[in-house]
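Letters A, B, C and D mark the chains as written, and numbering starts fresh at 1 in each.
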Amino acid sequence: MKKILNDPEAYVDETLAGLCAAHPETYRLVGEEGRAVARTTPGRDGKVGIVSGGGSGHLPVFTGYVGAGLLDACAIGDVFASPTSEQMADAIRVADRGAGVLRLYGNYGGDVMNFDMAGDLVEIEDIETTTVLLADDVASAPPEEAEKRRGVAGMVYAFKIAGAAAEAGLDLAGVTRVAQKTADACRSVGAALSSCTVPQAGKPTFEIGEDEMEMGMGIHGEPGVWRDTLRPADAIAEEMLDRLLADIEIGGGDRVSVLVNSLGATPHEELYILYRNVHARLKAAGAEVVMPLVGRYATSMEMTGVSFTLCKLDAELEGYLKAPCDCAFWIVK
Amino acid sequence: MKKILNDPEAYVDETLAGLCAAHPETYRLVGEEGRAVARTTPGRDGKVGIVSGGGSGHLPVFTGYVGAGLLDACAIGDVFASPTSEQMADAIRVADRGAGVLRLYGNYGGDVMNFDMAGDLVEIEDIETTTVLLADDVASAPPEEAEKRRGVAGMVYAFKIAGAAAEAGLDLAGVTRVAQKTADACRSVGAALSSCTVPQAGKPTFEIGEDEMEMGMGIHGEPGVWRDTLRPADAIAEEMLDRLLADIEIGGGDRVSVLVNSLGATPHEELYILYRNVHARLKAAGAEVVMPLVGRYATSMEMTGVSFTLCKLDAELEGYLKAPCDCAFWIVK
Amino acid sequence: MITVADLRAASLRLRDAMEAEADALNAADGALGDGDLGVTMRRGSRAVAEKAEDLPEDFGMALMACAQAFTKVSASSYGTLLATGLMAAAKEAKGREGIDPDELPALLDAAVTKMMARGKAELRGKTVLDSLDAMARALTRTDDPAATAVQAAEDAQVAFRSKPATVGRARIFGEKSVGMDDPGMLAMTKIVKALTGR
Amino acid sequence: MITVADLRAASLRLRDAMEAEADALNAADGALGDGDLGVTMRRGSRAVAEKAEDLPEDFGMALMACAQAFTKVSASSYGTLLATGLMAAAKEAKGREGIDPDELPALLDAAVTKMMARGKAELRGKTVLDSLDAMARALTRTDDPAATAVQAAEDAQVAFRSKPATVGRARIFGEKSVGMDDPGMLAMTKIVKALTGR
């Protein structure tokens, strides 16, 4: 197990302790069990709160995106495991500035059930909540069942854009509408070259040959749509973009942001090799690439692989995407 | 070879093409062979130029740190190989705004010889140059031979602090003095858990057992000071900090920045587990940690492992460290 | 009558069984899912067993305490659904010292109803719901509730084996999932065996 | 006399030899260093061989063209030092059609001097400098310069094997490097063998 850790059971708590010690101006632990993180400087009174939550092991997702112009608070589960509804309720309570709270997170069974329960818990305390689910992974269900898809790196766009809308003063219905519009505008697909190891499991989640890759793999190592020998970068980029463009129309005059994301181990060098291909192709299709993101925005710890996300923009979304934000992992000036 | 690439020979050129396509507001290719990158918006007339250079495969080092308040230009070699003196001369020429150019780079044989030759080449063109070498890797030579040490992640501090000094209007001698002071204030040490693969070599640079780690390993995979079974995070953190503190005194009242750096694959989660330990210990020693950096600042592509860098600050260095900068990998507001 | 004393003993058997079966359940879940079902059940049943001594004598409140202990350490789909079902049964049994075996179908139906609402899934979808429903149906006509429950869970697991998965990540492997046990149904068979001591 | 025609033929032999020895040189360098010496020599000698046809007839200018071709593709320590040495020799031989074998010691000395300045290293440090110096010394007293050069390079390599490394990353493994060939000296033996066709 090529991991640097102490007790596997303490992996998440020690990570959060280090995160808050390194960036006390941004993050603070809240809640009874120390499994909710909130902005050190809360949003102003009357700002709509935005909370997310989910399993650990995806930094910067989810906790890392707590910050000005992004999330107000976040509940953190064990690696790849949902937080409990109590932890989510802690996050919702601290995020509430009197204008209600949007629950903005990925479509995973455990997370959905627990965020629903958390909503029930805070309802009695007169905190109004809404929900927007990210379901951007095109490999996880066909278009006819798009609502069953899982949420992956597209949530980075949703956090950013909804966060800016809340900062701009929209009310809960408005922020929820903008978040839903962003969720609807995002499509993602991933490809994995190697597994990661869940600390408590102690061995790689899946086996994959030295020269193999898997297209469409889930961010917890769930099986993908095909497994074959490793292809050249351009072939990978082309297939991944094909899969996205089959699901969302992007053509002449469209404005689109694209996220070329490392799942962890894949280095920046290789992300740029891929981006080069994506950029040329979108440009050739007549689309304008706006604020491309290339880096580690949503990971599975040390997994080797990449994901692509397209976020099709209108003027409203583009404005919020470019608005300022500030957390330890992402600053927009 | 778990890498995403096309032709291994094109790895670096395709990376640079993607980098410049993604961030045209920051980076542009210059020079005959396209192996120098410069700021898209050059520094103002009369600003001292700062150039760096070295082998590829270390993003954000070196090229990524071209930007406002950082480097003006950079020469880029093949993976882990020095750029040529001509490429370095290209970088120096474009960085010159009439006030001379500081060559600021790591102490490696090929780089030193070629930067010396590049200095000869531009001297005839009346460009004044100075040199500051980073030699921060304590594992690469004992204190008595400190000038023979290699340059590793400490250069991130040197780029940042010298970059701010140049932006602040210091002349070439002043910027050189500040850069040298920073170089003298930095100590680094690394530990590797797995190798990376040089694209042109096609196989891992070194073999290391599934449960082994190596202390003091070089960033190109050069052998370290001991190899043994993988230790717990706290034991690793303690030994690494011990090795640094044996070389630079840090105690009550000192102000110090610390970089906990992933060599590539090691995820943020684990960096924070380590940082937690380092932070507590420096605090217990009475030192104040200023602007800690936790992330991927100087990598060896997909290598698993970490490095620690301490940068002991005085008021001048701290001011420049906190000054604004802006590149695709690092923004300070 | 099934009392809180029975619940205490059953919770210890459950913990031991899940300790032993954790790897098998992880593997079953890992075939098409994220491979954490054994972790869920081990952590959850450990937490419940730890509370065994302190369970209140009110049978309903005791079930509620079990649900809360489970949910505090495990928030996966399966753990959350089990806790939801337990809470529904707890409401039915509140204020009583124990329940009669012939009340079991009503408790199971109450659990399944709430679990369907929580998980937004239907019966006959090859999930733990079908195991519980099969037990509820079978327990209406039996003299040996323990044996019947085990048999019903096993039969359901086998009967649905040839159907495609309809929930979770396994769903997208429609055809591939045919012939494989639903991990949640498999787990329920093992749970009922442990609870009844078979 | 050694002419540009000889240089052309030698450069092709060098390319073939380095093609064949690249892995071995990488491995020798990788033992304590970064393992790129074979890459350096393969790329550099390929670049020189490609220029062979177009080398100018002025022997000094031809050496200069070789140095430039090498340095354009390889800027490692070894490549840079070789190019530096070649340029120094080129200056000595400029304006001539060829050189006499008994001028070799002077050319080698000129190369070593410049290489010492460039690499800030001394003689007797177990580096390629010692191979070149050994050849220069041996070539002052010989009738068979080719055989002598090869023998001197080999002898130097063997003689320094028992000394510790003093340059580059290998230096920090003082004791560990004892008994191992310096990769640059090993490469020089292979280079001289190829150039002289032995």
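What we mean here is this: a contact is a pair of C-beta atoms (placed from the backbone, for glycine too) under 8 Å apart; a residue touches a chain by one contact, two chains touch by 3 or more.
Composition by chain, UniProt nomenclature: A, B = Dihydroxyacetone kinase DhaK subunit; C, D = Dihydroxyacetone kinase, C-terminal domain.
This structure is a prediction, so every number in the text was calculated from the model and none was measured.
Student: How big is the gap, in whole Å, between where the Cα atoms of chain C centre and where those of chain D centre?
Tutor: Chain centroid spacing, chain C to chain D, equals 76 Å.
Student: Can you compute the centre-to-centre distance for chain B and chain D, using the mean CA position of each chain? Integer Å is fine.
Tutor: One centre to the other, that is 32 Å.
Student: How far is the middle of chain A from the middle of chain B, if each middle is the mean of its Cα atoms, in Å?
Tutor: Whole-Å distance between the two chain centres: 29.
Student: Quick one: which residues in chain D touch 2 or more of the other chains?
Tutor: Touching at least two other chains: none.
Student: Once you draw an edge for every pair of touching chains, what topology comes out, line, ring, star, complete or other?
Tutor: Line.
Student: If you go through all the chains, which pairs of them touch?
Tutor: The list of touching pairs comes to A-B, A-C, B-D.
Student: Which residues, counting only chain B, touch chain A once they are in their complex?
Tutor: Counting only chain B, the residues touching chain A are 1-6, 11-12, 14-19, 21-22, 56-57, 59-60, 64, 193-194, 210-211, 230, 232-234, 236, 264-276, 279-280, 292, 294-296, 299, 301-302, 304, 306, 326, 328, 331, 333.
Student: How about chain B: which of its residues touch chain D in the complex?
Tutor: 77, 80-86, 108-110, 113-114, 116-117, 139-141, 148, 150, 198, 200-201, 205-206, 218, 220-223
Student: Under the touch definition given earlier, write down the residues of chain C that touch chain A in their complex.
Tutor: Residues in contact with chain A: 26, 30, 32-36, 39, 71-77, 79-81, 84, 118-120, 167-169, 171-173.
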